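Just so it is clear, A, B, C and D label the chains in written order, and each chain counts residues from 1 on its own.
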Amino acid sequence: MKLKQIIESNDTRTGKTVDLFIQVMIVLSLISFSIETLPDLSEKMVKWLGYLETVTVAVFTIEYVLRIAVADKKMHYILSFYGLIDIVAILPFYLSTGIDLRSIRIFRLFRLFRAFKLLQFSTAANRLGKAFLDVKDEFIIFLMAAMFVLYVSAVGIYYFENEVQPEAFKSVFHCLWWAVATLTTVGYGDVYPITAGGKIFASVIVFIGLGIVAVPTGLIASSLTASMKNTDDEERSGL
Amino acid sequence: MKLKQIIESNDTRTGKTVDLFIQVMIVLSLISFSIETLPDLSEKMVKWLGYLETVTVAVFTIEYVLRIAVADKKMHYILSFYGLIDIVAILPFYLSTGIDLRSIRIFRLFRLFRAFKLLQFSTAANRLGKAFLDVKDEFIIFLMAAMFVLYVSAVGIYYFENEVQPEAFKSVFHCLWWAVATLTTVGYGDVYPITAGGKIFASVIVFIGLGIVAVPTGLIASSLTASMKNTDDEERSGL
Amino acid sequence: MKLKQIIESNDTRTGKTVDLFIQVMIVLSLISFSIETLPDLSEKMVKWLGYLETVTVAVFTIEYVLRIAVADKKMHYILSFYGLIDIVAILPFYLSTGIDLRSIRIFRLFRLFRAFKLLQFSTAANRLGKAFLDVKDEFIIFLMAAMFVLYVSAVGIYYFENEVQPEAFKSVFHCLWWAVATLTTVGYGDVYPITAGGKIFASVIVFIGLGIVAVPTGLIASSLTASMKNTDDEERSGL
Amino acid sequence: MKLKQIIESNDTRTGKTVDLFIQVMIVLSLISFSIETLPDLSEKMVKWLGYLETVTVAVFTIEYVLRIAVADKKMHYILSFYGLIDIVAILPFYLSTGIDLRSIRIFRLFRLFRAFKLLQFSTAANRLGKAFLDVKDEFIIFLMAAMFVLYVSAVGIYYFENEVQPEAFKSVFHCLWWAVATLTTVGYGDVYPITAGGKIFASVIVFIGLGIVAVPTGLIASSLTASMKNTDDEERSGL
């Protein structure tokens, strides 16, 4: 069946064109979503964004229906990750036509799931996903170590700073925000130690903790790169 | 002896359940410790946290007694790292029942040592520990280099900024705080050079120093990763 | 032809001297450009900078004419990357003598293109350029992943912070600025989450996102290094 | 000659003790130097720091004289790097006894050179030094690239931000400070773009530039580690 080939793979020219068209629609939809958050939009703009939204949902609905139509195991597709993303991407629109759900903030957020539709077309995403599975074990170990360091940092700074800065270092939970901002070296500057003890503690913990907290980051980076090289080699030797 | 097996190893199903139960108690205890730091707690909450604390200490005490009971060399366990952690985790509670030590801040901090009890159950911690021993020598060298760079940075910025910002750059010790915050790239923004000379000096030192200061961090990260891969390979080839 | 040799290569002593002279002129021109941006320049200084500019343009014009003269395929050189840079570096000066275009800010910016003239003499630039081509594919994949993470971060923080900080997190576009500043760990501190939800979201996204966003950076770094080592080896074995 | 052995090498027990003693004196001297910068020192403290200074200089003078005495090529030692450091470390003290030079800030700074005396005893410093020579070429190339990126960033942000923030982005030189703080991800938050154009430019340049600027840092780190491993292997195989 030719339609099946066009929708499910991108080997043919028509298939590629359809894929590209849907990707452009997704990106347009995400941009229009961002524009809608701008304050002081003109009446005209709102109307045009509304038209675009209607067209987008129409396209996505046709795509969804066709994907079900051409699928061999229809239920399997509907309940698959991408099948659920596809329905979540359009459902809020239909629900909101009956009752006015647009005003509900969280509901509008569902439109964001359209971004995940992009992953469907992306070999890059597949490769990143595979690469991540390779380092899953190490990642979990380091993540636990990072959380341990974060907790110890937070409790430590609480004891040094709580008395002089009762507002910024109100509780251990508030101190965790400081710990995250510091150990990832983001360092906004909204909270920082001012006592001598707090500064010395922060200095020591930054040196010790940086290595542990930086590891998950560096680990993903290096493993992804390595994993991608392997995929390249396999593809090359496979041909 | 069956009890010995349950407590000292986690090969059996019961052993695993006991281990998991104690780990959950530790995490609960750490969370309750964090909640206690929250201001404006309701009377009821304080009471419930007190109950939880009592139960926790009871469990840890039973665990401690059993661990001594099943140990072949009892004194050896009591004086081991984990043995000391175990006693430190419960002792403050018993001491504070007689006299009211709870009000003493530092005393409450001892409860934090319970976090280290978690390490006992963690193969991840063991592997991280071993990996760290592998890079100990390089780490010390770089740490000394980092301290040298930090000191030179602090003295340099002191001479440039002390006159115009006598409060923020009061002494070489105060400047060390700037040096740490800058060379780890945390950069809170509470202290920064404002003179032309200070800015030029800071720019140069950031480029030179970053490499030196970043090395201990990166060194741990890369060596840990390498060391963990080796452990993986050994385990795999060992089977 | 001897002139050709002097201008197009730097094998001879005269060729090297000419190259060095032009490089010094470029750097002087860039410094004088920077000095002109200083406010409160003395009349005398402005006059001297004007003289320097005239001399610089004269030298660059002679260089440009000679390069065309000695080129085998004159049109090919004129339309090449460096040919276009060469003409853009001098054209604004001649245009501005007729009409007073100097006041037009953007026009003055064209003088910056002289910086790119430096690349012509730089084997370093060539090697970096080649090294970058080696990692182009991986770079594009990670860049797309980074953009995806940035977009999701921006939308997420918008929903958490927009209500309490309507000015700083005005729209998704404003939130993108926060996402860039946070995920690159620059963390100026001009915008940061203040709600509990925003802080938790930011903490999670920083850990997940850092790896993805840091990858393009680390990827270029490591690949450039590797690529440069290869070039070194080839050069050595080629001799 | 036994004295020669004690001073120039640390193979013997006495040699090691002498070395350690001098190192302790250096560290004490650096700490006392830092304490002197503290404001509001008591009279007594100042007196004791003065005594310590006298003793330190006496020890360093004896060391210097002995080093000359045992050196085979005396002039060669005097003019060597460590010979110059040794004299600079004590000279200011003797000069300041005649005329009161202590009040001259820059003169006191010379005492800092004592820190470099530490390098003499440090095999770590030697190894770091050797390792650095290995990557010198790559380092210079990347440093030039980094400076190029910094300059382009500074000029770019000047054109975007100068009009709205004439104080913070006064000239290209002032913008360089922003460029350094941003591309090293320190991000103090004293200067940051506020225009839409400036923010977009900053976002793009941070992604492009980070790789280039981060490279010298990462390069030193990775090469030092690699170089140190080689030294380890050589030492091991050499025995």
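Here, a contact is a pair of C-beta atoms (placed from the backbone, for glycine too) under 8 Å apart; a residue touches a chain by one contact, two chains touch by 3 or more.
Owing to the predicted nature of the structure, the values given are computational and were not obtained by experimental measurement.
A.B. asks: Give me the superposition rotation angle from subunit A to subunit B, based on Cα atoms, as a multiple of 5 degrees.
C.D. replies: 90
A.B. asks: When the C-alpha atoms of subunit C and subunit D are each averaged to a single point, how far apart are the two points in Å?
C.D. replies: Once rounded, the distance between the two centres reads 30 Å.
A.B. asks: Could you say which residues in subunit D touch two or more other chains, in rising order?
C.D. replies: Residues 185-189, 218-219, 222 of subunit D touch two or more partner chains.
A.B. asks: Chain touch graph shape: choose line, ring, star, complete or other and state it.
C.D. replies: It is complete, because no pair of chains fails to touch.
A.B. asks: Can you list the residues on subunit A that touch subunit B in the complex?
C.D. replies: Residue positions touching the partner: 138, 140-142, 144-145, 148, 151-152, 154-155, 158-159, 162, 166, 170-173, 182, 185-189, 192, 194, 199, 202-203, 206-207, 210-212, 214-215, 218-219, 222.
A.B. asks: Using the touch definition up top, name the residues of subunit A that touch subunit C in the complex.
C.D. replies: 30, 33-35, 37-39, 105-106, 109, 112, 115, 118, 122, 124-125, 127-128, 143, 146, 176-177, 180-181, 184-190, 216-222, 224-225, 228
A.B. asks: In the complex of these two chains, what residues of subunit A are touching subunit D?
C.D. replies: Residues of subunit A touching subunit D: 185, 187-189.
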